[in-house]
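Lettered A, B, C and D in written order, each chain numbered from 1.
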C-alpha cells in the first residue's frame, strides 16, 4: 500500500504489537515513519475510509460491525464472512456467528467470480489461500461442464506462511525443514469454503475431497486437482476452455500445453498459474499461487481497487 | 555395507569416477581404505560373490548377463529388470531389451511381496523409490479387497535425491529451493511399475493414475493415495486390515489412528510409515519412506540379507 | 528494466540460450513479447544506446571494445574491467588482458565512491557481489580513519546465486542443502578487488584477509568484518561516522545501535544494511545485501540511471 | 542409548512432557516401549546408576546435588557446571550459583583434553556446541604455540537446533529460512567458556573474540577461526602439528591439505573435521561438527563410555 498511488495509509493498528513499523519489520527501515498503534475502533472510524481487517477468525466479527455501522468499507481477511450461512460457520469453525446481519451483505472477494458485486460491496470476505488456488483451477470446468464431473480431489501443498505467524511447535524451523506431511486429512476447514463456491457456480453438488500438505518453503501453494469426467475431452479442448474462461482476467495465466506451473514463477506476484493434463476420464489441473499475494494480501488490494474503481493492478505489480 | 557384520566389500567400481572412497565422498575420511576403480567385469567376476549394480537404465543389461553367467548373485538398482515383459520395458523406457533371458529370471525385490522368491533368486530387480512407497501403501487393500476398488490416484512428492546425481539444470539448488512443482504428470515411468505389481496381486486391472512432485528437500517421499471404493469401510476396519497385513513385516509401520506419517520420522531409516483416513467412498492412504533407504539402498541390502539367509535387518538398523 | 519508465528494451541476446523470454524464464509469461536472440554485435551496435553485458570473465573483453568503438555506453557485469591494471587481472584471473585501452577508461561502478565519474563514464565495471558488500561496510572507517586500522578480516557468507547459473556439482541442491562450508579460503578472486578500492580510498595499504562461505539459501550475502584498531573508539562515535558517511546515500541503511542486519530484510531490495559492534580494539561491522540486486542487477541499473541523469532509484524500488 | 550394548535405559523423565516415547517422538514407533514420566528425583536415585541431565541452565543445579549425594554419576548438558568459578557463572549467565560444592568437582567433558579426569569423574559438565567446535579447532596451536599467538577471532555459524527446542519467534521456519544473520555479536555466553579452556591450556590469556551466526539448516556448526601469529609457520608444519596432536583421537579428523570441512560430512556423526590455511601472519582454521552429536548427545555418551571404561565409541558409530 505504501507504493499504491491512490492510497494513503492513515492508520496501522494491532491488538498487541505496537511501535514504529521498522521496529516490528526491520525491512521497512528508512522507508516509512508509520507506527503501529493499539487498535481503537473510534480512531479507525475517524481517520479511515476503508479498512483491511487481518485478525484471527472470531475476532473479525467483533470489529467489523462497528466499522460497517460507521459506513466504512471493509476487506476482511479472516474466515468470519466467507460462509453465506451462519450455520456453516458454526459447523466448520466451531463458533456461533455473532454478526449475522453483515454476513448476508458480505461479498466473497474472488474477482474472477464476483467482480461486479465487489464494485458495490461494503464488506468483502477475502478468500482463503487454499480456496483461491483451488477455485481458480477448477472454475472453468465446474462452472461450464459441471454435469460431466463426477468427483474432484484436491491435493494441495503449501509453504509455511499459509498458517500465519502463530508460535506453534509444528511451524518451528527444525520441524518443517527437510520434512513433508499431510495434515487435517479430509477435515480441513477450507474444504467447505471451496465446496460452497464450486457448487454454487455448478448449480449442484459435486463430490469433492481436500487434503493439504505442509512443504518446507516459505511461500507458495500448488494444488494438484483430479477431476473424473463421464465423457473424456481432448486436452486441446480443455485448454481452450481455460484460455477463454480467463481471457480477460489479469491475474490468471493458463500455461502453454505441456507446461506445468511452479510456485517460484508466481513468487511475490499476483498471478495464479494453471497447467493441464488428461488421460482418459481423469483431468489433472495444477494451479500455483503465492499464498501471501493472490492468496491473501494482493487479492485484498485487488478487491479494494475494484471497490474504488481504480485500475485493478495498482500497487500490485 | 562397511558396518554389515557378514559382508566384506571387495570391489568398488564405477564407469568414470575413480580414486579413494574418501576423495570421492569426504564423509568416509579415516573410515575406510577402499578405492573406487574403473569397472572391469572380469575383476568383478573374480573377486565378488554378490554384486550391487547401480548404473543408469539400459547400462545394467550390458553388465548383468556376464555376472549371471559367472554364477554371481546380482541386485540391480536400475529399471532394466523390473518389468516381466520386454515389450513393457520398450514401451516405457524407449529401448529394446537386450537380455530377455535373464528378464524372466529376475525377482522384483520387494520383500513384502516376494520374500520367498528372493531367497532363491540369482537376480533381483530392486524396486523404484516411488513404487516402493506406493505399493506398500496400497497392497493391503488392493490384494485383499481389490474388487471393491474402482480407481486409485497416487499423488507423490519427493525430495531431490530421488532423481539421482545427474547434473541437470532442474536439480540445481536455485531451481529447487523455495519451489514446488508437478512433473511428468500422468506420464512418469514409475506408473507402469506400480501398476504391474498392484494388478498382479489384485488379479485384475485397477485404474490407476500417478502424478509426482518435486519438493525442496534432500530425502523423503510422501505418497498420498486416493482409493475410491464401492462399499465404504470403517476406518477402524481398514486400520485392522493394515495392521494384520504387515504384522510380521519389520520395515512397515502402521501409524495409530489419527496420525499421519512425516518424512522426517523415516529419515535415514528403513521404515515405511503408513497413515489412513476415510470419508464415505474415499480412502486416503499416506505412505512415507526415505527414498535413499527403503526406496533404494537399504532395500537392496535387505534383499541381499534375504538371499543369503542373514538376519533381515543386518547392516540396516 | 521492463518496469523502468525511461527504458525500452530493444535487444535481448545470449551466446546459446534463445527463444521467447517466457520460454526461458516462465515467470515472464504474458508479461512481455521479448525474445532472446543469438548475440550479434552488429545488431547490438545498431539498435541499442546502452548495453548491459553479463557474460563470463574473459568473454566481456571480446565484446566490449566493439561496443565502445561504436560509441555505446556499456555496463559490464564481468570482472574484466574491475582492475585498473592489466597485470592485476592476469594475476588474479589467470588471463592476459586483451583490451588495455578501455581498461583505463572503465569506471568502477560503486556509486557510493564514484558517482561523479559514473555520470560521464562510457564504460562501467559493475562491482562483484562480495566486494559491494565488503567495501560498503568498510568504507566509512577505512577512508576516514585508515591510519588507525591495523588489520581487516572479512568473513563473508553467500547464498548460491552469487556463483551464477553454472551447471556444477557443488551447486546441486543435494550438495548445498543442509550444508555449510568455506571455500577458496584466503584465495578468492574478489579479495584483490576489495583491496584495490579500500587501499585507494585509504591512501595506503591495509592488511586484509577474505574467506567466503556457501550458505544453503538462494539470495543474500552477509559479510562479517573484523577491524583491529590501534585506538578504541566508542560505539556511539563509530555509529555517528557511519550515519554521516552515508547520510545522502539512498541505498545504504545504518541500523540503530544494537541491531544486526539480516539478509531477509534486504531480500529483493537494493539496500545494503550495516550493523556495528565493538569490544576494545576490535570493531565488528556486519553488512547485508541481496547479491542479485545491490550485488549485481539493481546496482547495474543504478549505474545506468546515474549515467543518464535519471532519478537514481528508477526501476529499482 | 537404545542401541548401546552396555546400557539399559531404565528411566526417562521430563519436567512437563510425558507419555510413550513414540507419542512424543513418532520416529520411535515400534522401536521401544519406553515412556517419559514426570521427573521425580527419588525414582531417579533409585533405579539409575548414571544420569544424563538435559535441562535449561539454572535448573540443573537444582537436580544435580541430590543425584551426587546419592552417589550417582551425572553427565550434565547444561552450562551450570562448565565454569570452575561461581563468579564467572554469575557474570555470564546472570544467576547466583547455588551448588558451589559440586562446581569444583565437575570435570569439563571434552575427552580430547580431560580423558584421564573423566575416567574418575562423578560429575561431567558436557561442553557447549560452539565451544566444542572452537576448542578442538584451536587446541593444537594454542596449547603448543601459545606464545606465538597474538589474537584469535572465531566466526561461528550454526544450524538452528543449536538453540534447543524453545518456542521463540526467531526460530520459526519463516524467520530462519532464506535468512542469515549474526547475533549476540561479541556478547555470546559461549565465549568465556571457550576462553577458559584455551587460556588454561595456553597457560596465559590470549585475546579472543567470538561472533555466532544463524544459518538456515537444522544441524551443523562451522567455526572459521583466525589466528594472528608473530612468526609465520608453513602450512605443512601446521598440518603436521594438527595430525600429531590428534593422532590417537577417534573423533577428530584433520583433512588433507587443500581440503575444507563441510558440515554435511559430519552430519549425524561424532566427528570434528578440521581444515587449515595460512597467509603470512594469519592462520585460518575451520572446524565442523554436528551440534547435536559431538556438540551435545554423542559427546555425552562418549563421556559415559570413558567414565565406565567402555570402548569409547560404543553406541556412537
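Rule of thumb we're sticking to: a contact is a pair of C-beta atoms (placed from the backbone, for glycine too) under 8 Å apart; a residue touches a chain by one contact, two chains touch by 3 or more.
Model, not experiment: these values are computed from the prediction.
Peer 1: Could you give the fewest steps needed to travel from chain A to chain C through chains in contact?
Peer 2: When the steps are counted carefully, the minimum from chain A to chain C is 1.
Peer 1: Hop across touching chains from chain B and tell me the fewest hops that reach chain D.
Peer 2: 1
Peer 1: Determine, using the mean of C-alpha atoms as each chain's centre, which chain is farthest from chain C.
Peer 2: B
Peer 1: For the chain pairs B-C and C-D, which is connected through the larger number of C-beta pairs in contact?
Peer 2: C-D
Peer 1: Could you classify the chain A-chain B contact as same or different, where same means more than half of all interface residue numbers appear on both copies?
Peer 2: same
Peer 1: If you average the Cα atoms of chain B and of chain C to get two centres, how far apart are those centres in Å?
Peer 2: A distance of 46 Å separates the two centres.
Peer 1: Taking the mean of the C-alpha atoms as each chain's centre, how many Å separate chain C from chain D?
Peer 2: 38
Peer 1: Can you list every residue of chain C that touches 2 or more other chains, as numbers and ranges?
Peer 2: 175, 177-178, 216-218, 262, 264, 267
Peer 1: Taking the touch definition from the header, please name the shape of the chain graph: line, ring, star, complete or other.
Peer 2: If you draw each chain as a dot and join those that touch, every dot ends up joined to every other.
Peer 1: Spell out the residues on chain C that touch chain D in their complex, using ranges where they run on.
Peer 2: 151, 153, 155, 157, 159, 175, 177-183, 185-186, 207, 209, 211, 213, 215-220, 222, 224, 226, 228, 260-264, 267, 275, 277-280, 282, 284, 286, 288
Peer 1: Once bound in the complex, which stretches of chain D touch chain A?
Peer 2: 160-161, 165, 167-169, 171-178, 216-218
Peer 1: Could you list, by residue number, the parts of chain C that touch chain A in their complex?
Peer 2: 3, 26-27, 29-30, 177-178, 253, 255, 259, 262, 264-269, 273, 317
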